[in-house]
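Structure first, commentary second.
By letter and in written order, the chains are A, B, C and D; residue numbering begins at 1 in each of them.
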Amino acid sequence: MTGQPALFPRLVETSEEAWHAYTRHKFLLLLASGELPEACFRRYLVQDYLFLLHFARAWGLAIYKSDTLAEMRRAQRLVAATLDVEIGLHIDYCRGWGLSEAGMAAEPEALATIAYTRFVLDRGLAGDRLDLEVALAPCIVGYAVIAAERIADPATRLGGNRYREWLEMYAGREYQDLAREAEAALDEGFARRGGEGRFASLAANFALAARLEADFWQMGLDAAN
Amino acid sequence: MTGQPALFPRLVETSEEAWHAYTRHKFLLLLASGELPEACFRRYLVQDYLFLLHFARAWGLAIYKSDTLAEMRRAQRLVAATLDVEIGLHIDYCRGWGLSEAGMAAEPEALATIAYTRFVLDRGLAGDRLDLEVALAPCIVGYAVIAAERIADPATRLGGNRYREWLEMYAGREYQDLAREAEAALDEGFARRGGEGRFASLAANFALAARLEADFWQMGLDAAN
Amino acid sequence: MTGQPALFPRLVETSEEAWHAYTRHKFLLLLASGELPEACFRRYLVQDYLFLLHFARAWGLAIYKSDTLAEMRRAQRLVAATLDVEIGLHIDYCRGWGLSEAGMAAEPEALATIAYTRFVLDRGLAGDRLDLEVALAPCIVGYAVIAAERIADPATRLGGNRYREWLEMYAGREYQDLAREAEAALDEGFARRGGEGRFASLAANFALAARLEADFWQMGLDAAN
Amino acid sequence: MTGQPALFPRLVETSEEAWHAYTRHKFLLLLASGELPEACFRRYLVQDYLFLLHFARAWGLAIYKSDTLAEMRRAQRLVAATLDVEIGLHIDYCRGWGLSEAGMAAEPEALATIAYTRFVLDRGLAGDRLDLEVALAPCIVGYAVIAAERIADPATRLGGNRYREWLEMYAGREYQDLAREAEAALDEGFARRGGEGRFASLAANFALAARLEADFWQMGLDAAN
């Protein structure tokens, strides 16, 4: 892998338009300035809860698709992080926003939630584990990029911002480390299962996944109406 | 199976609201009266072309998921009908609407197209062949129901209706027979792989598939703006 | 489910011959009497290590195939039990038999190992989660039945038996509880996804899985030559 | 792809021992000299019938795993060739050997049949379409290589050899063309989805598939006892 440019920045570079439409979506700019209507954030929180169930399924699938014990263990850690930690934290956090777990579980999945989650799972089943991890990268790595960019942006207002906790969680050390690990896994996968011939198709999937993530923010924003 | 009420009407009955939102969608009422803006129909045609590729993939998956040679052959016939006949007819028909195959293949998939197709494939992979066929039923059987209902509706105007050919194709004998065969396959599947305990989960999938089909019409209708 | 006879004993009853060929295989009778050649046991231990990797993959697949959070968590616990506990214990135990992890990982999979593990995974992918759990039942529940039967058998000799630890582990409370939980999951799955129509096909898969498990013992026994 | 050595010969070269154990198996040498006991050939024919059902499933899976319409159509042709032509020819041919379709369908699958078919399907599901085609290559391309080598071998005796028809079918133009097409598809897949990093893992799968094919011949040969 030495000398080889990392896969994640290459994927971002070739899908720049979709990437910025996602990572600099109006939903995020309003969230960072504190002006996002609460209805939008609540809608996002509910759908993100429903999203997490499929996210855990995707990492379960990655266990099945592993070639080595090390790959299996990384996927297992992400299933555990999702089912044991993230869903719990999410439920606690949502309670602070007046949303109960039962209430969220009873909500219908939005079109954008169905589209992104099932797209990822189909990529993972039709392709191999590298296809699966590339389709998940806009989510896992993207949230780290988004939070770091917003925190660094002078237009962002942390004081008195009710969304501060959200920004700081994803900008925080722990989540940033998890994203770095995901980037390293992409490089490792590309070295072992990839090759230049495969780049175009990986980039197309990455761009589509980024577009579906942008649709996810838009779905939140549409709750303002 | 004797004495047992057929599965398809039971599925329709328990998801009545979603079913009518789909089968009596405004897109269809306007199409039947001839008032649907052409932009809406063109949008639908393009996305339906993209849909058909995943429809063929779904029946390929059904071959894999078959328990018997007879099941395999039915799925194979549907792959062949899609790849050898339907896509060809669709391309011919679309040409009459000024749409080229290359042009359609280059269009991005709409959110509604991604959501329904990948939902079906995920159901088919997470569940068994009965889950797959139930998720496909709103499409295969639904189109036959829709066309027959519109043709029978006094508000429908066939003379001078540029969408007449579409209505008559799906109301025609050949397609109606294909839909009856799909209904019979549901009954056979439910007898061999089902049981009452399974009905609730099949019905939930059917209702969600119907909802995603309604979103597909809505996507066409939204092209009017 | 009340009044309904449990699924596991019904499966055993309809595949009695295959079940006894597996659970009362000569390998086990010799193991219980202490007369099993060590070469046979070592062969079994190595292949069981290779088996466990696919067993973990199967439960990863079950996470993907879950309909509920509870189902997901049970599958996750079994992945964790396999990757975090069982493989570790197995490696420790094998070390006592002079087998290193690297050595076992480098061994080719025996035909019987490939046949059973890939059969289970294919069942799980072609069918639904109930098909997967039924294909795994001869392994999970079967080991509990085998150990309990051998311990209760007057022909079994524990004193001075170098395989005693193995028998006592699977006859022990902890493993027996895990098997009971697996039986309960079968009943729950059959109630929610099954029905009488499905029993014949589940029974056929169960019988084939039991036959493949018997081939696994035979593969161990063949190491004596 | 220009200048790039073809994938198939590279795979053969790196798994030479397994490849020759398969393609020059005693079963084949006896078949070519006409000395193979009929019981061995009958056993092979029955298991090959059972094998073909899973072979069709594998190509159904390939339809699902296709990225392009061209890929879909190639997989569809192979499903059709298997279900519409090969199984029919096989049944006719077997009738000449006193084997009825019903009789063959009622036979239990041999361990070697289960191991190879389910290994292929698992590779296809855990990996991508290239993994699937590489796992199938020892079968599709291998039979062409085997027949051509035997026909060219001076030790082969065609006159009065009751297996002559079998040799000539696979050595014939039509089958040889199908094998060339499969080799071309491997090159195309490797160019579009591969890269050097992936070669080692593809070669390991190829070698294992060849080993399982050798086990298949051995299963036939064992019927002599």
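What we mean here is this: a residue touches a chain if its C-beta (ideal position, glycine included) is under 8 Å from a C-beta of that chain, and two chains touch if they have at least 3 such contacts.
Because the structure is a prediction, the values reported are computed rather than measured.
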| item | value |
| --- | --- |
| Longest centre-to-centre distance from chain C, chain (CA-based) | B |
| Between the pairs A-C and C-D, the one where more C-beta pairs touch | A-C |
| Approximate Å spacing (C-alpha centroids) for the pair chain A, chain C | 37 |
| Centroid spacing, where centroids are CA-atom means, of chain C and chain D in whole angstrom | 31 |
| Per-residue overlap in chain C, given as positions that touch at least 2 other chains | 57, 64, 121, 125-126 |
| Category of the chain touch graph - line, ring, star, complete, other | complete |
| Touching residues (chain side chain C, partner chain B) in the complex | 64-65, 67, 125-129, 131, 190-198, 201 |
| Interface residues, chain D side, partner chain C - complex | 57, 108, 111-112, 114-115, 118-119, 121-122, 125-126, 211-212, 215 |
| Contacting residues of chain D [partner chain B, same complex] | 53, 56-64, 66, 69, 72-73, 75-76, 79-80, 83, 87, 121 |
